[in-house]
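One chain, chain A, appears in both complexes that follow, with chain B as partner in the first and chain C in the second.
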Partner chain A sequence: MLTRLLSGDTPRSGLLTALLLIVLISLAFAPFLFPGTRSLETAARICIFIVLVASYDLLLGYAGIVSFAHTMFFGIGAYGTALALASTGPSYWSLIWGTAAGAVVAAVFALAIGLFSLRVKAIFFAMVTLAVASAFAVFVSQMSWLTGGEDGLNYKIPRELTPAFKLIDEKILDVRINGKLLAYYLVFFVSAMLFLVMLRIVNSPFGRTLKAVRDNAFRAEAIGYRVVWYRTTATILSAVMAALAGSLLAIWLRYTGPATTLSMEIMIDILLMVVIGGMGTLYGAVLGATLFILAQTYLQTLMGVAADATSAVPLFSTLVAPERWLLWLGVLFILSVYFFPSGIVGRLRAGRA
Partner chain B sequence: MAKEHPILETQDLTIRFGGHVAVDGVSASFERGSLTAIVGPNGAGKTTYFNLISGQLTATSGTVLLNGEAITRMSVPERTDKGIGRAFQLTNLFPTLSVRENVRLVAQAKARKGFDLFSVAESHVELLERADHVLAEVRLIDKAEQTVAALPHGDQRKLEVALLIALGSQVLMFDEPTAGMSVDEVPVILDLIRKLKSDMDRTILLVEHKMDVIRSLADRIIVLHNGALVADGEPAEVIALPVVQEAYLGKAPKSSETPEAPEAA
Partner chain C sequence: MSEAAIKPRIEKIPLKEQIFQKLPVFLVPMLALAGLIAIGNPSSWLTLTVAGLAMGMMIFIMASGLTVVFGLMDVINFGHGAFVAVGAFVGFTVLAWLAGWTASPSVMLNLAAVLIAILAAMLITGLLGLAFERVIVMPVYGEHLKQILVTMGGLIVAQQMIYVVWGPDELHISRPQALQGSFVIGEAAIEKYRLVAVAIGLVLFVAMRHILKKTKIGLLVRAGVENGEMVEALGYRIRRLFLIVFMTGSALAGLGGVMWGLYQETITAHMGSEIMVLVFIVVIIGGLGSVEGCFIGAMLVGLLANYTAFLAPKVALISTIALMVVILMWRPQGLYPVVKAK
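Then we have the complex of A and B:
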């Protein structure tokens, strides 16, 4: 049953299984295990980014396609949901049609980009996606009458998903059972479901064909696969998944703006998460996203503590001052790429053999 | 009674790269169950001729007919669907995948299951069985789990043949199948090709340099020189032609002129 749910793609490493279970249990019980607004924000962000990073890995790791337009699709999903909620009111209906519209628009964009540019060399495709994504970001910030420009959009979501809604009056394990908790579990379960769908896709005949296309597109053609269609379909699937992740973010934050969805910084973060976790394995997305976001969120705090504790040591305390967190994140990244060139998952699986 | 079409035919097939004519008006037809060797010096256009038939290149002019149907403008996968199978000069496989997965992918393409998104690939038992059957035939079954990149060269060439067997094409094209193989491995490949021809009644086209290989396999030899067809016939007579001795085996002093008196096709 479990193997079936995972589409036969088991972690195949004791340590990897343990790490994945820790992530799963932590996320599933996050509101109870780690009370507090900040940790719940982090947990929801991790859920959403696991989907986003996995959808990018579907493209980069499985199909071997380098795209810089992934945040554009993420943004299309987020803006779809945001605009629907802002224009037709905070109902479930607007939530659903906005999400669906975002996914459809993302699919159409992906189809167009794919058909126009996947026939050419990989580097040109990467350039085209970069250009289209930059143009889209400018477009969104200029259309301020619709998108709120750089300020983004604030909107209401259905009341049952807000802190104002109380499911029961009592607290359970000292946690309020309110709409925010429901919203978290919506994010958690939808993310888990999308992840399992992607796991199925990469282990399907289609996913196997993608790997063949990645390995040797020339030969894939010569055994009868129409490579352009496989690449385009992969781009569309990946775009739709990214858009759905964007919709989750829009629901969770009740705010959508260029900085949270479209920025180049997020694109680079996604790239780093895929590489750190391990390309060509969706479990890499889980570990990559979790570690990266934890580091992003808590490294500063941790360094603050370290700097205070070592304030007597002159040079060291300056080095670990909280404002240098980006430097240390960079060091961590270099170390992880140096020691785990095939990513954390690649390293763990190789260690078993 | 209408004459039955030859399985494969090229009519006046030509490709130009700028001013250079790589294949120059080659007309030839290939009968079912025949094995034709295509010979000629390096740069004679043998591989280019192959690429024009299997679709990696598109002809400037002329026609390729498969069972009487023009396939000249079709893409590689379309031609593969129609029944043209191609093995490559430089081993051309899926290096990070396992040996079994390489063959399974071919079986999957043939079963047209590539766009199946929601079933687990391993649940298609018939494809795995087909892969193992072919691997047993080429004696690679013991290495089915290995990654292709880790395979010795000879085994990679065998796998190349296995992919063509799995494809089950009507026309099978081998581009120097024994290149770079050790002496004791060559007969294995030759046996496989011979078996393909006799058991399965395939039409085989073979680019080959080794004369002993050609003698032991071919029913017919085509000689290309500077992109043009200069001789076509039974192995014994073609090998004996002066033009072949000169152009291919290099026994006579080289002449830059187009060799004369080609055997009628």
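Then we have the complex of A and C:
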């Protein structure tokens, strides 16, 4: 039953299983284990980014395509939901059609970009997506009458998902059972479901063929698989998943703006998460996203301590200043591309063998 | 044996083919003409055209290194933008040291200060290119996926190092006295600095063409683009050649950075990644690996960006993407494809 739920792709390493279980349990009981708004925000962010990073891994790790337009699809999903909620009011109906519209638009965009540039080399696709994504980000921030420009959109979500709504009056384990909690569990369960769907996709015959195309496109073509079709489908699937993750973010934050969805920084974050976690395995996305977001939230505090301790050493203390956390993750990123291209997950699995 | 005996017979290409091959050259005047019709007012058209050409030249300077590096070694450097930013910061630092020279009314001192700033920037970015090639790019030759990832990582680290060295704030500097202000021709005001940028760009383009077409090193580079293994088999060290080209490309990016910085008068650590978008569009339009295509692409993008910024400011960046799409529909490999799809 469990193996079936995981589509036969078990973690295959004791330590990895343990880590994944820790992540799963922590996220499932986050409101009770780690009370406080900040940790709940972090937990929701981790859930959403696990989906986003896994969908990127579908493209990078399984199809071997480097795209820089992933935040564009993420943003399309978020803006789809946001615009629907802002224009037709906070009903479940507008939430659903907004999300669906976002996913469809993302799929159409992905199809266009894929057909247009996947026939040529991988590098070409990377460059085209980079250009298109930045143009899209600028475009969105300029269409201020529709998207609110740089300020983004604030909107209401259905009342049952806001802190104002009380499910029951008394607290359970000292935690208020309110709409915010419901919203968190909505995010959690939808994320978990999307993750399992993706696990199903990569372990299906389609996923196997995708790997074959990645490893040797020429041979796959010779055997009779239409390489362009497989690559384009992978692009579309990953775009739709990213759009759904974007919708989750829009519901959770009740705010959508260019900085939270479309910026290049987020794209780089996703890239770092995939590579550090492990390309070509969806479990890598779980570990990568969790570690990265924890580092983003809590490493800075740690580095602040280090910077204070070494303030006597002039250059070193600026290097470990809390704002420079991305520097060290960048170095880690380069090292992991060289030395463990299969990331943390690959290491753990190899350690067992 | 006489010289004539071993001269290979070169087949004449039919005129129709020749015109078709040369067609992209006419795109720039055609676009300028279309701009004139759309804008209507000749004097503002002239101002915009000069601005567009200046912008195009600066993009060309930054993009040329990238495209030659790709042509020669099949390496695309996503961290190229870091050299642009570092060049701009080094140049600004030098100009700040020479503040006495730049503020003086003497034209010679002004130009000397700019020249020193440019040379310093090119030296530093050239050396940085050396380090980048050795440390970051060399271990991943031939693996596109890793190249993209690793050079992207290099960009992140380089941008963060700029923050460490120069601090998190953006830098402002005003142009030297001699490069401020503008000429007035008829009713059109043309900024002096833009003319200087156009001049530098043209000189550089002519020099690059000369080096690539007339000198031995250029011959080797072109041969390397065509068939690297054969060049190696003939006893040339293509790796070293590549290193030289990579360093030159990085130094040019540094030059472009200083010029762009002086153009905007404000620089930030992530300016490189912003300009890289335009640079990539130019390289794609021109055809990966082609200097001529890159030049034409840069002019087109520069002109179009300025015309649309005047006519419909909101769609300026979208218009360059649209241009790219149109060009790729016409020629899927870019204007002058040099590198065969490997």
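Everything that follows uses one rule, which is that the second predicted complex is superposed on the first by the 313 of 353 C-alpha atoms of A that agree within 3 Å, B and C clash if a C-alpha of one lies under 4 Å from a C-alpha of the other, contacts with A are read in each partner's own complex, and residues count from 1 in each chain.
Everything below uses one rule, namely that a residue touches a chain if its C-beta (ideal position, glycine included) is under 8 Å from a C-beta of that chain, and two chains touch if they have at least 3 such contacts.
All of these numbers come straight from a predicted model, not from anything done at the bench.
Legend: residue contacts after superposition of the two complexes on their common chain; A:295 is shown touching neither chain B nor chain C.
In the superposition on chain A, A:334 makes contact with chain C only, while chain B stays out of contact range. Looking at the shared chain after the overlay, A:201 reaches chain B, while chain C stays out of its contact range.
Chain A is touched at more residues by one of its partners, and among chain B and chain C that partner is C. In the superposition on chain A, contact is made by A:8 with chain B only, not with chain C. Against chain B, in their complex, chain A makes its touches with residues 4, 7-8, 200-201, 203-209, 211-212, 215-216, 218-227, 229-230, 233, 237.
Interface residues of chain A, counted against chain C in their complex, comprise 60, 64, 66, 116-117, 119-124, 126-128, 130-132, 134-135, 138-139, 142-143, 264, 268, 271, 275, 315, 318-319, 323-324, 326-327, 329-331, 333-334, 337-338, 341.
Those residues of chain C lying in contact with chain A across their complex are 70, 76, 78, 136, 139-140, 144-150, 152-154, 156-157, 160-161, 163-164, 168, 273-274, 276-277, 280-281, 283-284, 288, 314-315, 317-318, 320-321, 324-325, 328, 332-333, 341-342. In the complex of the two chains, the chain B residues touching chain A come out as 54, 56, 75-77, 80-81, 86, 88, 92-97, 101, 104-106, 108-110, 113-124, 163, 167.
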